[in-house]
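Each of the next two complexes has chain A plus one other chain: chain B in the first, chain C in the second.
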Partner chain A sequence: MDIQRHLPPPEPTGHGDEVEVRILTPHIAQPHFPAMQVTGYGLSLAITLIAFAMVAYHWMGLNTLVTVLIVMAFIQGALQLGIFMHLREAKGTLWHLPVLALALFIGLGIVGFSMWIMLFKSGVS
Partner chain B sequence: MSTVTETHRSAARPPEFEDTHESIRILGFWIFLTTDVVLFGSLFSVYAVFRNRVALGPTPHQLFAMGPVLAETLILLTSTFTCSLSLYAARSDKLKGAVAWLTATLLLGASFVFLEIREFVGDVRAGHTWHQSAFLSGFFTLVGTHGSHVTVGIAWAIMLVLQLMSRGLTVTNRRKLYTFTLYWHFLDIVWIFLFTVVYLLGIA
Partner chain C sequence: MTMNPWITHLMKRLFPPQVLLPDIIGIDIGLTVAAIAAIVFLTKTKRWGWLWREWITTVDHKKIGIMYLLAALVMLFRGGVDALMIRTQLIAPHQHFMSAQQYDEVFTTHGTVMIFFMAMPMVFALFNVAVPLMIGARDVAFPRLNAISFWLFAFGAILLNISFSIGGSPDAGWMSYPPYSELMFNPGVGENYFLLSLQVAGIGTIATGINFLVTVLRLRAPGMTLTRIPIFAWSALITSSLILFAFPPLTVALGLTMLDRIFGASFFTLGHQGMPMMYANLFWIFGHPEVYILIMPAFGVFSEVVPTFSKKPLFGYEAMVVSLLAISILSYGTWVHHFFEMGAGPGVNSFFGLSTMLIAIPTGVKMFNWIFTMWGGRIRVSVPMLWQLGFIPTFVVGGATGVMLAAVPADYQYHNSYFLIAHFHNVILGGTVFGVLSGMYYWWPKMFGWKLNERQGVWAFVFFVVGFWLTFMPQYFLGFQGMTRRMSTYPPGLGWTALNFWSTIGAYVMGVGFLIMVYNIIWSRIHPDWDTTGDPWDGRTMEWSLPSPAPEYNFARIPHVHSRDEWWEMKQEGRTDEVKISEETVHAIHMPRNTPMPVLLALAFFVGSIGMVFEWFWLAILGGLGVVAALTYGSFADYSEKEISRDTILHTEAQLGRVES
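So, the complex of A and B:
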């Protein structure tokens, strides 16, 4: 089986591949130690355990707790996207971002508007 | 066997994107993940709406045992870590490392599914099936859909291990490993929200 493929030259193609976003500074150099992965793992473990402790030991009132827990879930999700799903390797792969924005828009739209409509004046929200 | 990727190691792109065809397939995989966001978004909405409709069945507070759920969460977090190490090894051109970490990932995934099935079987034995209340229907559909995704991911990982062992780190296999890690991290994000919205807020 022939696995050799004709590769395009790595130079900019003029199709927007060369666009750079400052906050997404390319970070594709392969380090000798997977520091990013270890950091991400440590942070997600810490956030999970803190969230669990907040519920187990009743650190705050219910309404505050709900908000804080959901914010922590979003932080941890962003951590996964940024560290493990390679969003920082954006040079040449910037087309990730529109698809991701689409997913966020549709997902939050579905969840937010469904709950708003279906729980409207039901008194259980 | 010399592969094409080695020649462009210093290029400005991640190695999985150097081949245009494979790069397009990664875009396609992102679009698949978007449709999965729609699926899970719908199921999360249904669960949130029916959460308090427990009929004569148990409330979330009575149903959930947090010990196994915390264990499941830690196992899944560890498996995403080993999964990212598999890609790291592949990018360092270490085939054995990539296969070993991928095997660790699928074993952790299997133990996650085992714990979840044990939880479900316990609920059903106690008479708490999805027929009992709207809350239980929403719960089993949401958590079960995530569990079936993890199961599919395990089957995918097994096939990927076999392909890596028989063909090595080819251009195609690198892209397959990359899309697998995207899938696995996506499932981890879904589980983070499941753990928070279903379990933590269920017992809060």
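So, the complex of A and C:
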């Protein structure tokens, strides 16, 4: 079923970002099997399970563990952004850059600060 | 009498002793009678179809906004009754109006309901009602998702609210800190209710955040650049981005606690190397931005109300936007001030103490901007403006005591005392609630087509504000005298008696204020003061260029915007006829169709959550399958849009006198 047929063509918004309006139009009429999405879904589940197992079954020492977990978190993030969050579909805009930078800043901030804050436990207990 | 042991077990689980108190049974009976009365009324007046078509399956942002508002008012009543019960208990020393256990349940419910099920939906009500109309849009970016958000909130609220009569209320405070919220100390189902209801409502909240982010960024009318949108739309934009970053940590904290309680994990337990303080850390990564999620829409409302009722453009638009942005960024770097006493050390505490104090600067900027907007203006003291005038001193006191709390060494004295209680009620009640009530009175005619009676509104305001100050000013001093939060009773001879007495009297005065407000709404509904112009306050922004209430498609023709206070400029330059349409300019409009999918999806979440609460996993799986089914149906159902024809639009607009001959 061709849903795009029912939608009116994107109207000019007058903000100079007409190109992007197209992205809001759903791309539903895809003829092929969504192999990439299914792979990405499988991979993200696998990474989650491996991370869980690494912690639950003490596969490595604390410092190595934290490093590996952070690397895996980045891979997970890239998977989500690249496959499910339409990051690669955006054309003709720089909007994404500051938003991504902000997300990265806040994400790293939360992780970094939490580690800094919670470090007291090793000193106390 | 012998009973099937299985049924006995089930009855014990559903109705433990804590829900079999006489007052709770009384409320149960009252609610059942009310529900039967409602069903009989709907059946007798044959309104089920109307309810289903016009409200339950609607995706119209205006109707969703109204539903949010009504739900929030009901929740304000529930949370308010809880507050009155707390204050009744504390009116004198050694009171035993409630047992300590029931007292814990009541303050937990009070906090949770007020934050998540009163303040948040009230904010979303105003977003839904005002933002699309202000920016010249026909609906939000994702109308069906908007309905999903509402129903998830509604079923989350129901889930929390049934806990007191089925299974038992949560009793670990609205933060539900472990280890007390863990299975070891809290074996009932109350905490499960807390976790699941917030989880369900939280999904809806995140979706609302995405929705309004995209709406403001993408659906602005031609010519309405980001520097021309009303500040309320800016506040919606920034609040939405805060929601997007703040709610996931809460989801994680609640999810891990659920794993602890239901599946025997030990993330936050005392044993097995669990780390209870990590919950506090995660909770406040959410919790601190959350208080700005609550207050920034209030700032947005006041930035609309003050210029309108002063007949002046807003002073310092750019400074307002920059300060909103500064608050949003800074609010992410302050969360440790909720637990300085954890002992993270002087480095951590100094950093977060300083960052907390910094937030006072952009907030102060906004205060001065509102005052300078009023300066030299022709001020009309209508009810929305009254709430703004009440807000300024209240919020300044709240902000100043906040800076006092941010001073780390002093906080070791104030922490979790009544000083803190008074502080956050000063900013949340005196800030957010005054703000949303101001917005409610301001946009009420736009929602319903009639104004709320002015005189009764003034009385409601007077009682509420006098009661507010009388309640919370004594609490600062109680805090100085060492009374801590969550005490279910206290002995005489500590100098607390008189202060507590006056605080309780204040709470009742506030309750009277709320009742007057309800009377005001009902009276004005029976004797409506119709708003025929669509612009009852002589407004400045685009929503006032529409009739009240706005037709389904909002704008028959999307306006072209040339300036910040576009509608005001149009009135000044005599261009108001521009909003009219003619035979030539009118086009058919595509609008999204109503759909039952949102309410079914939320119902499936509700059923699954009940399964998780009572650990009936077959029911949880059933609910989960229901969620998948609803999502699948939503993905494959023909979601094509309906078309509102030219003739319908011409007819509607002609009736409103908005067609050029």
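Some points to look at:
What we mean here is this: the second predicted complex is superposed on the first by the 72 of 125 C-alpha atoms of A that agree within 3 Å, B and C clash if a C-alpha of one lies under 4 Å from a C-alpha of the other, contacts with A are read in each partner's own complex, and residues count from 1 in each chain.
Rule of thumb we're sticking to: a contact is a pair of C-beta atoms (placed from the backbone, for glycine too) under 8 Å apart; a residue touches a chain by one contact, two chains touch by 3 or more.
Because the structure is predicted, anything quoted here is derived from the model rather than measured.
Touch counts on chain A: comparing chain C and chain B, the chain ahead is B. In the overlay built on the shared chain, the residue A:G82 is in contact with neither chain B nor chain C. By the touch criterion defined above, A:F120 reaches chain C but does not reach chain B. Residue contacts after overlaying the shared chain place A:A51 against chain B, while chain C stays out of touching range.
Once the two complexes are overlaid on the shared chain, A:I110 sits against chain B and chain C alike.
The intersection of chain A residues touching chain B with those touching chain C, taken from the two complexes, comprises 1, 3, 7-8, 103, 106, 110, 114, 118-119, 124.
Residues 1, 3-5, 7-8, 10, 26, 28, 30, 34, 37-38, 40-41, 44-45, 48, 51-52, 55-56, 62, 65-66, 69-70, 72-73, 76-77, 80-81, 83-86, 89, 91-93, 95-96, 99-100, 102-104, 106-108, 110-111, 114-115, 118-119, 124 of chain A are the ones touching chain B in the complex.
Of all the residues in chain C, the ones that touch chain A in their complex are 141, 214, 218, 220, 222-226, 245, 249, 275, 277-278, 281-282, 285, 332-333, 336, 342-345, 348, 558, 560, 590, 638-641. The touching residues of chain B, counted against chain A in their complex, run 3-4, 7-8, 11-14, 17-21, 23, 27, 30-31, 33-34, 37-38, 40-42, 44-46, 48-49, 52, 66, 70, 73-74, 77-78, 80-81, 83-85, 88, 91-92, 167, 170-172, 181-182, 185-186, 188-189, 192-193, 195-197, 200-201, 203-204. Every residue of chain A that touches chain C in the complex is listed here, in rising order: 1, 3, 6-8, 11-15, 20-21, 24, 103, 106, 109-110, 113-114, 116-121, 123-124.
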